[in-house]
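In this document, chain identifiers A, B, C and D correspond to the written order of the chains, with residue numbering beginning at 1 in each.
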Amino acid sequence: MLTAGWMLPALVAAPAVLAGLSLLARTPRAALWVGAVATTVIALVAGCAVAQVFMHGPLECVGGWFFLDALSAYHLAILMLVFVFCGFFAIVYFREEIANGVFTRKLARRYQALWFGSFAAMNLVLVSNNLGVMWVGVEATTLLSAFLICIHVSPAALEAMWKYLLMCSVGVALAFAGILLLAAASSASLSGHDALLWTRLMNPSVTLNPVLVKVAFIFLVVGFGTKAGLAPLHSWLPDAHSQSPAPVSAMFSGFLLNTALYCILRCLPIVEAATGNRGWGREILVVLGILSILVAAVFIVAQHDVKRLLAYHSVEHLGIIALGVGLGGLGVWAALFHTLNHSVCKATSFFGAGMLGQTYGTHDMRRMTDVARVSPVWGTSLIGSLLALIGIAPFALFISEFLILKAALNEKAYLAAALFLTGLGIVFIGALGHAISMAWKPPATAPRPLRTHHAEALLAWTPLALLLLLGLWIPAPLRALITQAAAVLGVTP
Amino acid sequence: MTLILMALAIWFTTGVLCLAFARRPRLVQMIGPVGAVVGSLPALFDASRALLTGPVTSLYLPWSLPGANFAIGMDALSAFFTLPIVLICALAAIYGREYLRPYEGRKALGASWCMFNLLAGSMLLVVLARNAVLFLLAWEVMSLSSFFLVMFEGEKADVRRAGWTYLVATHIGTAFLLVMFVLLGQPSGSLDFDDFGQIAGTPAVASLAFVLAVVGFGTKAGFMPFHVWLPEAHPAAPSHVSAVMSGVMIKTGIYGLVRTLLWLGPPPLWWGYLLVVIGAVSGVLGVLFALAQHDLKRLLAYHSVENIGIIVLGLGVGLIGLGSHHPLVAALGFAGGLLHVVNHAIFKSLLFLGSGSVLHATGTREIDHLGGLLKSMPTTGATFMVGAAAISGLPPLNGFVSEFLIYFAAFSLLGASGIPVIVAALVAIVSLALIGGLAAACFTKAFGTIFLGEARSGHAKHAREAGPCMRAPLILLAGLCLIIGVSAPLVIRVIEPVVSQLAGATELGEWACTAALPLAIVACVGVGLLALFVMLATVRSALLARRLVDESGTWDCGYIAPTPRMQYTASSFADPLTRFFGPLLGTRRKFSGPRGFFPDSASYSTETPDMSRERFYKPVFGAVEGALSKFHWIQHGRLNLYILYIVLTLLALLAWKLGK
Amino acid sequence: MSAWTDIILVSLILTTFWLLGSSRLASCIRICAIQGVATGLLGVVGGGITIRVAAISLAIIVLKGLTFPWLLSRALRESNTSHEVQPFVGYVASLLIGVLVLAFSFWADSRLPSLAHGASRLVVPVAFALLIAGLFLIVARKTAVNQVIGYLVMENGIYTFGFGVVREIPALVELGVLMDVFVAVFVMGIAIYRINRTFDHIDSDQLTLLKG
Amino acid sequence: MSLWNFSYAVLGLLLAPLLPGITNRTKAVFAGRQGPPLLQAYWDLAKLLRKGTVYSRTTSWVFRLAPPGGLACVVAALWLVPVGNFAAPLAFPGDLILLAYLLGLMRFMTVCAALDTGSSFEGMGASREVQFSALAEPALILGLAALAYATGSFSLSGIFGGVTRPDWLQVGPALVLVAAALLIVFLAENCRIPVDDPNTHLELTMIHEVMILDYGGPDLAFILYGATLKLWLLGALLANIFLPLTGFAGPAQIACLVAGMVVVAVLTGVIESVMARLSLLKVPQLLVGAAALSVLGFVLMLRFAP
């Protein structure tokens, strides 16, 4: 434990320091390479931490400020995976912009600094035991990533940034009110520092004022839900995702949303315990989840901008995760598994969309046709990930969605199951049409084929291969880790 | 089991290899077909052994997916469905190698062969799977690989539409199956097939599961009105793929339905009635729509719907037999239905491969542009004629045997008590009779217009017979049609175990004996017929030997200058019938007649789009899309209102959860 | 001590109404500054003055009283748009709504189990009122500057709540929160600046390029 | 299995060509002509068998092999027909289906042969043939199904052995309806008026005759002989219904049946003389009507059956 303790602060400190350092980068390429490599190293450290948790139970250090249990460890692992992918992808993505001088050193430095900054902030969210600090982390991610959206200043990008900034700030402010209410609820039995410590709040001996807890949870759900992009609080999401550069979009939908959702998950068991485990809080998640799926479906059918399409897919899948958690039982397990699948898949699809967007000079799917010929690597990976996103077997998302359906039927939530299937069906029908025309429709004006390096193929196909593997075979450790994480949420399947 | 695993391994690995060597079409053209054929041999051996000597082997490995186990088993039913899969896939592969040669270098043959072998493997896995998750995975891989095969010529708009329709339909079907399997798994909490039997205890749930199965599997099998993808997708695919899809892939739907029936316990009568109605509708409407088509492969696709209808009639009569406690009838009905599965697999793939050769040689699927091919393509023509006779259910070919068994069952049901049962039997009989007549009409039209008479266009004039690799499978399949036709009594001995699995083992001997005598006589008549025919033919030639035999033009009824284009076309041949059934078909006729004293070209064309697509699916999808588009204002871009959403959500939740 | 607290709380309410009613951006910023100072003082008058409380209160007063107003007015100065508030909802209506909000807050407070121990009974209703009024300002005003002000009012509300209800939040957290708010406003300031440079207006109501 | 079982088929092979002679005689009598000799059909066959033939260049082996094939079918079918209560040589449950489908096979060949000539007139005939037969087949099978239900057996022998005098007393009306349906089928299948006119020589209006325009010599002989056999075959079904002969001695039964056949032939002649040929568009309605009659018969039997 003690030996492992230093890792958690390091996970926050290292990126923070690197953020500062990367302001000194000489060339843009250097900045990006440093980013990628350093991220990988940090990921390895995090890996050790996760392994520690997996084998020897939760880590707690620095007087209980830092804390890592199975739930956060699992999310941490996903976070690292996504960031490593994005880090290397950034090198590929900005290559062309560097070549034609759009991506200057100044930009590169700022980009990399903000990148590490938000990295640090997300780590902070995951490793902090104190709900207040967690909140600080979330707000920090908002502020730092805001500028990532408009690395390239354009009216649309500015607008997206402004909406993102204001909506998330307001939302997260509400979340803070929620946290205060939670502290107030606990103030009868806890005081001072402990009032916001998750480990203390989870302590069964602590008695919380149920009414206040309920109010608090509603504030938390609305607040963090805004950041997580649950409908109808999702309005900023398509704008931000569509305007930011591909690596950023990938990171956004790959994990930023899950960070916020993670905060809700943290608070869920507290509420459930306080309200006598009658699924009082889960109900809310089910409703918001279903709503997100349906709203996403509405906009996916008539979408033409590929990045907005992917953004709405994020809304849909976050909704699916929320639904799964809300259903409880097997659903929680499935939802956590789905988190991993969605993050990997979504990152990949944004990679493909970004590269092809550069090649075609547009994100309009009506003009991005015959992608597999224009870029055998990125085209196939984009189509593949799109098919995976709409739940085609044998990709892992099919399994997790099947399990969520199973959970819904087991819990006798027949209406939820029906709406879930309807939403997925509409999404499938809508998105498949786009995918088919992108893959096979002969192009009106064929752009020059995109030349790709072998390493890129690795980057493009590894995630898909991973999804395929997970769809056919889940390694026992992963399974156990997810089960432990589900146990943190008070579910023992 | 090891053999089966070997087959799966060979298929999947060769599939992946094809993808790996995609850059080298020649090599792929070797690996793909060879792999498909070699892989089929062990499976063929294992399946036939299981069917003949009847040991039920199975393999059960734990699997790390939640709820999943790698459980596969080979019982009579699986073996019975394995045989056609293996056979047709192998033959289609042999055929496909030559069929695809023109595309070498122009198309991604690597992907195509990869998907073909994946399709074969996944179909085998579907019929072997003994666990819901494994089954669903195999099921989805099957759909996906066949989808990619359909999209072979994806640059064409109609192919893209076909692919979209296909994948959407099959995926919606799968959704029903997901629900069904979860329901089946609930009593025992396990998704292994062996534990599904417990649902029989709750009739209501069993009925629900049955309906879900009918919709889910029916979509794959092509029951009306879920068949809408079928006439789109089968013509779009390359012919050897169409043969596999139409011959065996849609049968996996039948397999699923039958397998499900095994779990659901004693069937109430209405299940049987439902199936009989579906069968009658699919059969009659299927053949009628086929009659109205003039695209050869589309015509064949509709005949798949028709034959699925016949199969379902058999199953339906069988279920009624079970429900009304006539095990004999049940056995006969199931036997007929199941036997027709194999028969249809054989002659339908024969016909699709034949049509492929025609397409290959002439470059058109438009029946009305062809003609006189029998002279330039004798083998293809002869085998196609055999297939046509077989699919029309004419003795002494295999189609007659299975239809005969279904008739037999239905007629035996007439003796039963209960008006509804008798009516159902009568419906089955009448629809079978109608289907028989119409099918004959449709295939005399197809065969006559394509292979007989004179070439109607340049396409057909310069046709050349396909190569040996494309002819051999045709001959083999045509031979099978005849063999099964005349060896019926033995064949039913072979399918005894399967039927006993469905209808209960007790009546086994009885039904087989009951059916054996007539079938034996039918077989004798068949043989006698052939003998008589040979005799008369020799008599004829003997008579003509010493006489003057001359050649001239066809008697033109005094008309001066007949041209090939004046021949009766397929459309005109079918016109009286399509007009008679017009209300059911909704055929669109475009006619611009000759005008003026010196009329220039006149034209007449008919098109019969799918009824359910036009009248049901299109409007529904349109309505849904319209309804969805009504919600687009949500994302209007005004930040203030977005933040208002947040506030309202907050208030709504507070009011909802704390209001009381 | 509760008397001083009450006075400050009342002043918070008054400033909020003043904001709802005032028509010029410049004055809005000034009022916001006053409210910020008041919020800061709340900590001082509340309980015994420890170092921690003093430090935090000072920080708040400096930030909310000086820095933010400066940032905002700079953004305003550079924007060559009219310095009118441009409301969706008129001033009178806004005031009426403010009254309703206040009433609602008191009602809500009565519904919740008693929270404010030690500090004044007014804390919770006032906090709610500020929170909701802030949201209302964001929704009902067009210019970006106004929305930032609304955000600040919200913040004040939340701080008030924290002050009244949770006596000692760990200093670290509070500083973190404070820093976040600071950065937030700072970033918003820059954003406004850029928006203004790109669109040459700071009218967030006209930012509707992105739809669907 | 006694000699009597075979007698009827053998008689058919010998006497079938007599039927058209009788029919034509009847028509001649109605028309007040003398008409052709009774044995005309035999002379025709004999003459044709001695002739050579001319084939169209368009045709293929299908055209050449159709006549023996068709004849083979109908000859095979002949052994399924019983005499009174002497079962047919090949009687077995379900033979009525085999009978129907053998006729179907015969039709399949004829139609293919017609299309093989590439003549639009023969195509027209073929088209009509398949249309009418597709509608006639359900009528036939329905009628037989009704009888099968009434007699509780579904081999032809069982059925016609089972139609007894008591049946007539019990479900007479139903039997009449079914018989009427079978009569219509009989006329349609044998291309008699009111469906088709074997004597017309305007190709446009012909169905069966036009399909065999291009045949001559032995082929034509086979076809004609096959046609007469088909007449005998379907006529026998009719005769069997009306003559519940159970209990008669063998020779008596044979005699009665042959007499019955003569009656059927005369009846055909009468119909052809007193009726006009229906317009082609009306024919399908007639056939559907036949099916309706069978259904009605069936319903009546459901109602009256013991």
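Observations
Keep this in mind: a contact is a pair of C-beta atoms (placed from the backbone, for glycine too) under 8 Å apart; a residue touches a chain by one contact, two chains touch by 3 or more.
Keep in mind that this is a model prediction, so the values were computed, not measured.
Relative to subunit A, the most remote chain by averaged C-alpha coordinates is D.
Rounded to a whole number, the gap between the C-alpha centres of subunit C and subunit D is 101 angstrom.
Distance between subunit A and subunit D, defined via averaged C-alpha coordinates, is recorded as 79 Å. Centre-to-centre separation of subunit B and subunit D, using mean CA positions: 36 Å. Centre to centre, using the average C-alpha position, subunit B and subunit C are separated by 70 Å. The set of subunit C residues that touch two or more partner chains comprises 135, 138, 147, 204, 207-210, 212. Residues of subunit A in contact with two or more other chains: 162-163, 166, 170, 211, 215, 238, 299, 302. The chain pairs satisfying the stated touch condition come to A-B, A-C, B-C, B-D. On the side of subunit C, the complex with subunit A involves touching residues 112-113, 115, 131, 135, 138, 144, 147, 151, 154-155, 157-158, 161-162, 165-170, 172-173, 176-177, 179-180, 183-184, 187-188, 191, 194-195, 198-199, 204, 207-210, 212.
Contact residues of subunit B toward subunit C in the complex are 632, 635-641, 643-644, 646-647, 658. Taken together, the subunit C residues at the contact with subunit B in this complex read 88, 111, 135, 138-142, 147, 204-205, 207-212. Chain contact summary for the complex, subunit B toward subunit D: residues 371-372, 374-375, 385, 389, 392-395, 400, 404, 407-408, 411-412, 414-415, 419, 422, 426, 429-430, 433-434, 436-438, 440-441, 444-445, 447-449, 452-454, 517-518, 521-522, 524-525, 528-529, 532-533, 536-537, 539-540, 543-544, 547-557, 562, 564, 566-568, 572-577, 580. Against subunit B, in their complex, subunit D makes its touches with residues 49, 51-60, 62, 65, 67-69, 71-73, 75-76, 90, 92-95, 97-98, 100-102, 104-105, 107-108, 111-112, 115-124, 126-128, 130-131, 133-138, 140-142, 145, 148-149, 152, 154, 203, 213-214, 217-219, 222, 284, 291, 298, 302.
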